[in-house]
Amino acid sequence: MARTIIPFGPQHPVLPEPLHLKLVCEDEIVKEAIPALGYVHRGLEKLAEIRDFNQMIQVVERVCGICSMLHSQCYCQGIEEMMGVEIPERAKYLRTVWSELHRMHSHLLWLGLFADAFGFESLFMQFWRIRERIMDLNEATAGSRVIVSVNVVGGVRQDLTPEQCSWILTEVAQAGKEIKAIQSTMLSDYTVCKRTKGVAALTKEQAYELGAAGPTLRASGVAQDMRQLKYAAFDKIDFEPVVEYDGDCYARGVVRFREALQSIDIIRAAISGMPQGDISVPVKGNPEGEIITRVEQPRGECMYYMKGNGTKFLERVRIRTPTFANVPPLIAFMPGLELADVPVAVLSIDPCISCTER
Amino acid sequence: MLKMTPTVLKNLFSKSSTRMYPFEVREPFPLYRGELFNDIDKCIFCKKCEIKCPSQCITVSKDKEAGTGTWICDPFACVYCSICVDVCPTKSLSMAPNHRKPSATRDMIEQVGKLKVPKKKKAAPKKD
Amino acid sequence: MLKKFIDNSRAKSPWIMHFDCGSCNGCDIEVLACLTPMYDVERFGVVNVGNPKHADVLLVTGTVNPRNAKVLRNIYDQMPDPKGVIAIGACGLSGGIFRECYNVLGGIDKVIPVDIYVPGCPAKPEAIIDGVVAALAKFEGLKG
Amino acid sequence: METLILMILGIVVAPVLGGLVSGIDRRVTARLQSRFGPPILQPFYDVAKLFGKVKVINNFWQVFCAWVYLIAAALSVGLLFAQSDLLLIFFVQAIGAVFLVMGGLASPSPFSQIGAQRELIQVLTYEPLIILVFASIFMVTGSFRIDEILNYDQPLLAKLPLMFIVLGYALTIKLRKSPFDFSTSHHAHQEIVKGVLTDYSGPYLGIIEIAHWYETIFILGICALFWHTSLVGVVVLLATTYFAEILIDNTMARMTWRWMLKYVWSVGLAMSFVNLIWLHAG
Amino acid sequence: MLPMMLALVILLPLMAALGCYFLRVSTIRTMIVLGTGVCIAATSLALFGQGSFTYSPGTILGISWDSLVTLADFALLFVILYYAFKLKNQLIKVFAVLQIIPLAVFELFFVDHAAEVPAFYADSLSLIMVAIISIIGSLICFFAIPYMKTHEEHLHLVKSRQPRFFFYLVLFLGAMNGLVLSNNILWLYFFFEVTTFCSFMLIAHDDTEIAVKNATRALWMNSLGGVAFVFGMIWAYSVTGSLSIQAILEAGPMDGAMLVPLGLLCLAGFTKAAQIPFQSWLLGAMVAPTPVSALLHSSTMVKAGVYIVLRLAPAYAGTFLSEGIALCGAFTFLACAAIAVSQSNGKKILAYSTISNLGLIICCAGINTTWAITAAIILIIFHAASKALLFLCVGTIEHGIGSRDIEDMRGLYLKMPRTAIITIVGILTMVLPPFGVLLGKWMAIESASGDLFVIVMLSLGSAISLVFWARWAGMLLTGPLREKVPAESQNILTRFTLTVLAAATVVVSLFSPVIYTGLIEPMVGKTYEITGGVFSSPIGVFAVYPIFIILAAAFIYAWIDTKKSGNIQNGASYMCGANVKEPGVQSFIGPMNVPVEIKASNYYLEAFFGEEKLTMWVNFVGLALIVLMLGGAL
Amino acid sequence: MIENMKEITLDAVVGEASKMKSDGQRLVALSCTQLDADNFDIIYTFDKELVLTNFRVTVPKGSDCPSISGIYFAALLVENEIQDQFGIMFNGLVLDFGRTLYLDEEITTIPMCNNTKAMTVKK
């Protein structure tokens, strides 16, 4: 039959990151999709051999800029557990605040990119405009817009003043209002629904079996969220995992949309429940033993496996990131899509190649 | 359809949210981790920053004979984490709240200062 | 007169293309942020074209590895002259914190000539705008 | 003689107007997105810049096709100003459309190829609608000749309101605006990069850009026929129509061409039938 | 003079055909074909000098020509019956018998043999047809000479079957000329049957299973047309009492009883012109060698069907039948254009497009205003030229690359630049102004504009046909072009015919205003004002010369600039940066670092326009429309 | 410190994985570490309702490991990654990148396996 072979990426305007897909299409229906990775692979896990466990914090923060905060949090939690350090309560709450700010900005960023993937430029612009509020919060409270670098083993580096706290509250509330203003567009506009509903759907069983993580999994009806593991302040803050049941791109969008709003509530709860006290404890010695820790990144479950040998250099840092888990579902649902839906479908798992490849 | 209309019309009739950088520059946030400065007079060339820097972009060397110390930082490799600032015992390092300007060439930041140790030694006998 | 208009227009219409050469996304999202309402680089005539054949300025973020180096080279070669390259972020300038990784060759200038270096990790949108403005100076210098 | 002068006038003025319209379009779009936006003259800078770039091609037929596209577009505008036959003008601009497609197909890049195929589907979608619009104008005025149509004493809009909407569909497709920007898009992020224009660059892209300006004016000229009786009417109609286009562009996602083909044909044909039957009955 | 000329255009081909058959030497055959071609082409032009005429040949050797024709007619019908038995096809048997018996009864008991019926009548329409048949037909025959040689080499035939082939090919020219010149409806019927038979024999020429099968299908469908013809003829005679077509026409627009025979005759025309639902025989006919497709199945024989419908147009003007014919034609135009989109076989695309264009002409006949008839005649002329050219191009390409699939023609310019350019010229003359086909289409659309259903179908159809033409033209150019491509070598006759036809399609388009004033206007009456090469009427203007001049200038300018591009930088095409960097290699580095060659294909939109998907529905609607048309006539 | 860990042998990998699958466990990760110059250690991690189950195998250098990508499609990426980074080959991968998932031929050593030259790239 009349086949067209398309090199989709590595450099392609709809791909925020280099990733290659060899697409074989017939009348623009994808018949076969084979990915190629490795354009972002740096091999940073091996840096553990030449950077001590403290310096590694800055390295893992740069596994990916978008959820850098959660990478270092996951890493620090692991080291703290290995070394038996109990961090102050206030530090837990602070980590929660910044991690939820991260989730918000990441989801807003994604919602924008998603809108862009189906060619809705003005919606993209609106989401990114709202997101700037969060970026300002990051910059003002932590010192950098993107890579906040607040985590250290034993706690956090920055504290929040009461004024900053109330400012955060007003800003996120305002952001929430603005998000709600475009809710009807994102969730019920005819063209948006037409482009996302029923596209690249995964059933609950498929999603689970293919090892999907995070919003991709929750959009297929599996209520699993690593925050249920009650790390940081989540033992005190209640929340319900956001679940949708259709498993298509639309459902994935809704999950993230609702999570962005949910984060506002969590931030509010964290700030109101934040105890006074130290923000870090001094740490002595070196990590030893093996540990697996998990946190919920905006894109889903992130897992760190670490092995210490009593020196300041860790023997192994192994990072399993959410996108890594979401690539197999992506490969699985590609055939049968329309070419125009490829960006939408690829974006729907919120691909982060940089952390997939590290 | 056209669910977006109120939002875009509102945008049309209100002021654009664009910050007119570089024509108007915002007041910087004081905590921002921008350009790194070394107050070389305060630096004791203890190498603490060199050791702790996660990006390994600082080189501190002492020239005993000349009585000078050199503090070199590669601004193109620095990741602006401010670990060095945190660990510096004399607080000679600081970060300005504005970003470093782009440049067309790769220049190292090289600062040469007097070694303080001899100074101390000199001062000590005086007291003695 | 026409020629002068063309010369003047160069600096007024820099179409950019952004290539993520293995960045951690930190710098990428800042590049994107430049296009959004808060920073809106279209004020300077900047259009994000996403196709090297239409681009005047290449913004590159991230570290170079053997695989993406070939892509980077290709894209650069496909841009018609006159063209400029802006490297963004510590990674793009030198490899940044990843300089010593086994799959990192170093900064962008290992592969293609770079006109402007924008430091930062990530570089702020303001810094990127400064970088673009600095690159325009190069086009302004180009007469005829 | 008068015809000739009008024609030349059209060919000279149209790109200037088209460029301005495009500049205003970009500015208004930016404002709708809460951005500051580029200068109004930006399109002219862009094209001038393109002409200052090195010429790169990968198939010399691209050059040929680009030129024919431009000339056909200019000629159709010239004929429009010269008040020629609507159908003839339409067929002349179809020359441009065909050569744009051929230029796209000349490059082996898959994106260019796909873009050309999509462009064809767009042509397939809007062409019948435009012919129907012209036929409906004929049914009202009894002629395809613009000079005769201008003698008709009522605004056509009053008799052909639905046909104007049908023309609006064609307009959106032709201007390559959301939700119909498939073959190439003004927005950077499309699955097929720049579609038909992917492998055009530098001066040749500039040529095509100018041809787009002509096409904009061509389409607006057709719209103007719907309220030819008053100058104010024309201005109001055009301004409203174009603003509506920008608004639609900014309030809709890009759809898929399969959807377009089904939707535009069925809605367009249905509206045409309703309007024309109403015309017959009334 | 006139008898001589008539003999030249009708009998000379017969003689030449016999010569080809019996003198089995290829050089002699070549000479005969060339000579005949030149003769009849010249004669056909000379006939224009004659203008309209009526003529009866009287007797030969004491036997009237009428009786000879009748005899030959029965002989032919029995031959067909013989083939029906040989092929064991019940349908053909039935249809043959259904023709023989009524015809015998008719001849024996009804016809008043004493009545004087002029055998020949010619007006501009006939003369134009004769010119098309004689000039284009001859060119195709020339083309066939080298073509059949290669063709037989391809098939590795031991014994050449060319004598038989050229026998039918050349014979056909005479029959066709006879058909368009006949005034006596019995004569018309006879020639009609000869073309059917020639077509049958030529489709079956290669004697493969599929060829025989498709030939059989062609025969039964055309025989069905023959049956309709016979009954229509008898019925018409019983109403008007005359065998003369002119007499029937002169009776003026009719109604009531006369509409049915007219409807039946038109039905015969429909089968011959392969209108839906009879299109399948013409598609099947594409198995025949390409000159056959070019001659019989696109530019001339199928026009016989159209000719009959058009010839009878004045008789049913303003009736329901007329409206029905317009709808049928418009529907065929739309449906076949749509199906053509889903085709990748070049000859099939041409076949569908042919049927589609015939539909358009028939639609014009049905619209039946003077404007529409003008459009129909313009379309006949230019469609014949362009389509013949395109068929010959496909034949040449097929010999060059061994495939007739348009997907395989991608980048043909790199291999056969000359043929590629001529093909593109052919395609452009089909779809773009100011060329003749488009002029015809423009007239058709303008004259159909009052009719809602027809105009909708025409506008959809013309948009659809642009799709398959434009992409075909474009894909011939695909490829990375770095240097000038040297022209391929071609047989002199091939090159001659292609060049002449290509030049003719362009140049004749330029003379369309002249053709109009000289030929069409006298026949159908004044419809357009011509000033400075501009067609104008109160409803429209079509500026042939100005557009021609401007476009010619544009093409020349564009070509000069293109030539200059020789020294500009060549780039690799965009492949997302993954290009394999070797000159001339069109591949990208795919997964696992394996180079992947890029490949692009057309969209065939099977889901919308699939042949299998549409054919059944289309046939159903087509049949319904015909029933409606005939039923309405009753 | 790692919950529900058990050690298994190399040939039991596929069986264990199928058991996990029938138990409704979701594959989370495979984590490979170089134990010493001659041995690697792979930990297979599964999750069910937030509880992790792990098993670990020791793979001697030079021996191949059975792929579980037939059972868990999701394993294909990580198994290819381990091929790239540690040079352990997996038998029966559903989509085998043959050590080109991340690396080009310019990288001639097996990165995470100190000082070992890469074998020729499997085609």
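Order of writing sets the labels: A, B, C, D, E and F. Residues in every chain begin at 1.
Methods note: a residue touches a chain if its C-beta (ideal position, glycine included) is under 8 Å from a C-beta of that chain, and two chains touch if they have at least 3 such contacts.
Quick caveat, the model's predicted, so the values are computed rather than measured.
Among the remaining chains, those touching chain B and also chain C are A, D. Note on connectivity: the fewest steps through touching chains from chain B to chain F is 2. The interface carrying the most C-beta pairs in contact is the one between chains D-E.
The mean-CA centres of chain D and chain F are about 57 angstrom from one another, to the nearest whole unit. Between chain D and chain E the centroid-to-centroid distance comes to 35 Å (mean Cα coordinates, whole Å). The mean-CA centres of chain C and chain F are about 39 angstrom from one another, to the nearest whole unit.
Chain A and chain F, compared by their mean Cα positions, are separated by 25 Å. Shared interface positions of chain E, defined as residues touching 2 or more other chains, are 569, 571-572, 574-578, 591-592, 598-600, 602-603, 607. Multi-chain contact residues of chain D (touching two or more other chains): 30, 32-37, 54-56, 110-111, 113-114, 188-189, 193, 198-199, 201, 250-252, 258. Among the residues of chain C, those touching two or more other chains are numbered 19, 36-38, 40, 43, 48-53, 65, 67, 71, 75, 80, 96-97, 100, 102-103, 121, 124.
Interchain contacts give a graph that is no line, ring or star and is not complete, per the touch definition above.
Pairwise chain contacts in this structure: A-B, A-C, A-D, A-E, A-F, B-C, B-D, C-D, C-E, C-F, D-E, E-F. Within the complex formed with chain E, the residues of chain C that make contact are 19, 51-53, 70-72, 74-75, 77-78, 80. Interface residues of chain B, counted against chain A in their complex, comprise 1-4, 6-8, 17, 29, 31-33, 52-55, 79-83, 86.
Note for the complex: chain E touches chain F at residues 591-593. Looking at the complex, you find that chain B touches chain D at residues 1-5, 8-9, 11-12, 14, 16-18, 20.
Remark: chain A residues 51, 54-59, 62, 120, 122-123, 126, 129, 136, 139-144, 147, 149, 157-158, 181-182, 184-185, 188-191 touch chain B in the complex.
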